[in-house]
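Each of the two complexes below includes subunit A, the first together with subunit B, the second together with subunit C.
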Partner chain A sequence: MSVRKHTSNVYVDRFNEVRERLPGTALPWLTRLRSNAIEHFADCGFPTPRVEEWKYTNLSRIVDSQPILAGPSVNGVNRGALEQYFLDPMPCHRMVFVNGYFRPDLSEIGVLPAGLTISTLETTLDNRPELLEAHWSDLCDLAEDRLSGKSDPKPLAMVALNTAFAADGAVIHLDRDVSPDGPIHLIYVAVREGERPAMSHPRNLVVAESGAHATIFETFIGDGGGAHCSNAVTQVSAGPGARICHYKHQGEAPSGTHIGSSHIRLARDSTYNGFVLSNGAHTSRNEIRVRLEEENVVCSLDGIYLARAQQRMDNWTRIDHMAPRGKTLEVYKGVIDEAAHGSFQGKIRVWPNAIQSDARQLNRNLLLSEHAEAASKPELEILNDEVQCAHGSTIGDLDEESLFYLRARGVGEAAARRLLIDAFVGEVIDKVADVPIRKYFRNLFNSWLSEAV
Partner chain B sequence: MLEIRDLHTVVDGKPILRGVNLKIVAGEVHAVMGPNGSGKSTLAYVLAGREGYQADRGEVLYDGKMLLELTPEERARAGLFLAFQYPVEIPGVANATFLRTAVNAARSARGEEELSAMAFLKEARTKLKQLRMDESFLNRQVNVGFSGGEKKRNEIFQMAMLEPRLAVLDETDSGLDIDALKIVADGINRLRGAGRAMLVITHYQRLLDYTVPDRVHVLAEGRIVRSGGKELAIELEKKGYAEFSSAA
Partner chain C sequence: MSASVETVKSVEAATGGEYKYGFYTDIESELAPKGLNKDIVRFISAKKEEPKWLLDWRLKAFQLWLNSAAEEPGWANVRYAPIDYQDAYYYAAPKKGETPKSLDEVDPVLLETYEKLGIPLKEQELLAGVAVDAVFDSVSVATTFKGKLGELGIVFCPISEAVKTHPELVQKYLGSVVPAADNFYATLNSAVFSDGSFVYIPKGVRCPMELSTYFRINAAETGQFERTLIIADVGAHVSYLEGCTAPMRSEHQLHAAVVELVALDDAEIKYSTVQNWYPGDKEGRGGIYNFVTKRGACRGRNSKISWTQVETGSAITWKYPSVILQGDHSTGEFYSVAITNNYQQADTGTKMIHIGRNTSSTIISKGISAGHGQQTYRGLVRVLGKADNARNYTRCDSLLIGEKCGGHTVPYIEAKNRTAKIEHEATTSKISDDQLFYCRQRGLSDEDAVSLIVNGFCKEVLQKLPMEFAVEAQKLLGISLEGAVG
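And then the complex of A and B:
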């Protein structure tokens, strides 16, 4: 305990050093939020596996390395190195962030239709702070409520740390009924800064007013030249009848740490399609919290985690059905090779008034080596009788019978294994509706698979 | 083409095959019949190379090669085909993808050019038509949601596409209605020819009405206890296997 307190005190000191240089110092509400957040973090410290929600994420490796706070970096990244991550055909709009800071020279924002704003955190704090105030305040209730009615502040400590230090990020706003062509691609690149690893805190906000449609694609990558920690927070809000497709690729450098959380609020008749593919970082955690706050919301949440070597990949989701007639379909699949560890902890809570909810959750894990490990904890908490809910979970090897069947037809062993892994993952990738993004994930998976044994 | 010599196999610590001898010449169809538990399916698995079904003694010559030294895929590429008694369901893999991968694996092993998607499709449609099977077979996931009869017909379709030199059919007739049985028999008869041989494993004589064998063998308690012409199958149908079960 004392060690953890000491560690978090270092972050308080650092906060006091930089607070005046953070954007939005002239905004009292923000100053107050940041102070509360760092106090909260000082109380809780970094989450450890002793916190139930963080059971499968161990941050000691990055915490012990005492990362510095990432600063704006103008060196080390050129457009050519990023091109392999660009969508084909290219989207109209791309924002690139290096160590959490916007890089206009690497970004490309085309002609925006009326009613679409693509901006940075800093600019928005200057010219439209009220947009941020509403949504940041909303996340400031930094406690995880439990069924018992008690609450525990510890699970959200990393969100607090982000709130304290957030200096940049994407802010995207769509007026009602605005529907831009093509996706908005946000690329976050982590690069080395000096000897010690750096920690960045990108903070993003996507707001789609009623009837608007948006496709957001977040890509996290690293240059591999040293450990880095991304502590990213993305907030998404869909107004009545809005539709948001939200894709994410966690492909950080092998030595990196990725802590990402998405906080999704959905108003009546809205649709949210979330999809996350992880194949990067040494230690990663993708946390997604979705709230179906009003009636008739349709939500799909899909995840793929591809882990090998010593990678640790944790997926944590929480979906709250808070109003009648909401529909959720959640499918997470993991392929774990060598000595890697993959985990899924997912809870769907159907609130007492959320009658006629339909919630389905499935987690399947494929272990490719005898040293690979998976943990799966699907959970449904149903607080009314008028619902349809189902959940399932499997952890297993490649099916021996299927392998033999393929080999008995002349397909070589390695090709047979790849065919079965492809079938396992492919059906989730096929759910990606946007063709250029599906192609991106397809290529990524094919290249991962070609290196699999 | 195929010569099995003194084949012994232990499965899960239990001796199942206890000295099988069998010789099949190219162009012939042989039937292996026998009571349940006599080792018929084990014989099929040993020939195809399934894990856990290794020979403890004896050898198998296939076109002069030591068959048991080859991996399952090498055997398949050399022209051996096993029609499974219980075809495996493979979710997420389309029948067409599965078959094209298999056909092309055999082609490249023979040094032939791989079939393009178009050429494959054309070939597959022709074969389906001959077998009076629906084209939708190609798009469906391998055996997923297939009825028992559809699974067996899918095996015959695969056999037609792969054109094996030696086909081993493991109770492909079981559980079929008369129409499906005719389709299966027709598929077998189409492949009968000078260069090929077949080993039809069956419990009943029914299939042999449509696919008349050159030789019939009775496998009981791990050995071939009697061999004869097609009339032996009819005799077995009348008398059953009782005398063979007690004979050993």
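And then the complex of A and C:
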């Protein structure tokens, strides 16, 4: 315990060093929020597997390596190296961040339709701080469970760390009924900074006012050198009748660490389609909290995790049905090879007043090798009787009968296995509605699969 | 099924639908002083005339408990005011002279109590063919059929007696499945356990009758801490039943039992429970805190352990009957029906730990929540690296009746072996309007319709119960849901 305390003290000291240099120091609410956040983190320290929500995520690697705080970096990345991640051929608004800081030279915001604002955290703090104030304060309330009245800050320690250190990120605002043609692509590149690994804290906010439509695509990649750690927080807020497609590719460098936390608030009649594909980083965690705050919300949340070598991938989701007639469909599938470890922890909670809620949750895991491991904890917490909820979970190897069927028709074993894995994962990728993004994930998966046995 | 509706009705008529076993038997009892300390542990041990090794074992457990006192488990989805462990009696026994040699010597007041509970000990000995061990507060008061079982080499007696007659067996197996340091309540039990049943089925013997223990908490402000140990030797087979009741009282009483099962090669143990401790009144006052550790070890090849439980009582239930599948080809089963009505809370489920090769486990859990009841299924299925071809199937369904209740499902599934095949399914819903409409259209009243649907919902589990219990369980379902509809 004392060791951990000591480790978090290092971050308090570091915070005191940089606090004056962070953007927005003139805003009293932000200064207060930041000091609260660092205190919160100092109290809790890095979450350990003893914290139930972090049961399957082990951060000891980054705790031990004591990463430095990433700063704005200008070297090491050129446009050419990033091109393979670009979406084409499509009009698209692209922002590139290197170690968490916006890089205008690599970005291509393009022509924005009226009512769409794309800017950085720093700029927004200057010219529209009230937009951030509302949403940032809201996130800090999450430690308190409004339903049970209990407060448990520990699971949110990494979000607190982000709140304390966040210096840059994307801020996207869509006015009423605005619907841009192309997706908004946010690319986060992690590069090496000196000998010690660095940690970045990008902080993003997407606000769609009533009736607006937006497609947000986040790509996290690393340049391969150094054990970078990304601790990203993305907040999404959908107004009445808004529709948001939110895709994410976690493809950090093999030695990296990725902690991603998304917080989604959905108003009346809105639709949210989330999809996450993870194939990168040594240790990764994708945390998604969705709140169906008003009536008639439709939410779909899908995920694919492709793990091999020594990778540790954890997926944690929490969906709160807080109002009547919400609908959720969640499908997470994992393919785990070699000595990797994949896990899924998902909770759906239906509040007492959220009548006529319909929630389904499915988690399936394929174990492809002798040393692969999977863990699954699908959880339902239902607090009223007028609901329909179901979940299912499976862990196992490929179905022998299906394999036999293919082999009997002359398909070689390796090809047959590949075909079945393809079908297993493809089903989820096919749900991605935007064609270029679906193609992006398809290609990614194909190349992953071609490296599998 | 209409027969069951009738039984429910007749029982309701006789009891007004209230808790039927809430009476109190006025019998002189012997109590240890209130509170818990080393001397109480010594007192209990001395009362039972225990050998030194057992006293040492208890004292060690007590020390562990003191050390872990800060770690009272708080992770379960149940809420209650903190328990004052010093404000209870840890030993209560009906006063009596010599240990009864046969039923004729048992205090007639006690026999009458069991008669009221629907367990006429005498009658059972003559007719029913079920051997009963009756535990009244902290001690076993009567065991039937001893002679007949003895002929086959079967040992069925209070554990306090087994310590004297079969010390080698008790010493070998006590705490081998649930170690003293296992968890807060098991540690407490290890220090202060009073009595319970001991069963040993020798090699190759198939126990010719159902063995049964009936637990009764009678005295006020007492905790009951019984300990059951069942050993099925190579090729043995036994079916064991457990039932429990307590008087109605406005304060809470603690029941922290430990049950250990050991199945050797080719052995089979079937353990059934109908738990009907006093659940508290309609406002949630009183009732038993049922914090129980039950675990079986399938030590041998082809061994099998099966838990069946019908949980209708207790204010709070905290119970996870588990199976450790150590032997190759061993099988674990868990069938459960749990009902929470009024302000009852239950956090219950199972653990299946697959260690040996070709092991399989099945979990069927049916939860019914009504009124302000809160119910959680919490289960763990773990397949270790060496457990090739492990197979698990889990199904847990929750039925919600009323808008204030809750039904939760928290399964943990962990596999470290690619040949594992694990499937988990769960659903939560209310009784469908279509089903209710169908029944009512055919002239059934609302209550009868619900009773019918609930019985159908639980059928899969109820079928696993031995005959005598199945009937009782069906009645209980109806009574427990009394007042939940309409």
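Note that in this section the second predicted complex is superposed on the first by the 445 of 453 C-alpha atoms of A that agree within 3 Å, B and C clash if a C-alpha of one lies under 4 Å from a C-alpha of the other, contacts with A are read in each partner's own complex, and residues count from 1 in each chain.
Heads up, the rule we're going with is that contacts are C-beta pairs under 8 Å (C-beta built on N, C-alpha and C of every residue); 3 or more make two chains touch, one makes a residue touch a chain.
Every value quoted in this text rests on a predicted model; they were computed, and no experiment measured them.
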item	value
Subunit A as common anchor, with subunit B and subunit C clashing or fitting	fit
First (subunit B), second (subunit C), both or neither touched by A:Leu367	second
Touched partner set for A:Ala390, first subunit B, second subunit C, both or neither	second
Contacts of A:Glu427 with subunit B and subunit C, given as first, second, both or neither	first
Subunit A as apex of subunit B and subunit C, Cα-centre angle in degrees (nearest 10)	70
Subunit B versus subunit C as contact partner of A:Ala408, first or second or both or neither	first
First, second, both or neither for A:Glu379, with subunit B first and subunit C second	second
Most subunit A residues touched (candidates subunit B, subunit C)	C
Touching partner for A:Leu419 - first (subunit B), second (subunit C), both, neither	first
Closest Cα approach, subunit C to subunit B, once both complexes are overlaid on chain A (Å)	14
Common interface positions of subunit A, toward subunit B and toward subunit C	none
Residue ranges of subunit A in contact with subunit C within the complex	52, 352, 355, 365, 367-397
For the subunit A and subunit B complex, residues of the former touching the latter	399-402, 404-413, 415-416, 419-420, 422-424, 426-427
Subunit B residues touching subunit A - in the complex, by the definition given at the top	48-51, 71-73, 75-77, 82, 84, 87-88, 90-93, 97-99, 101-102, 105-106, 109, 158, 162
In the complex, subunit C residues that touch subunit A	75, 383, 385, 398, 400-430
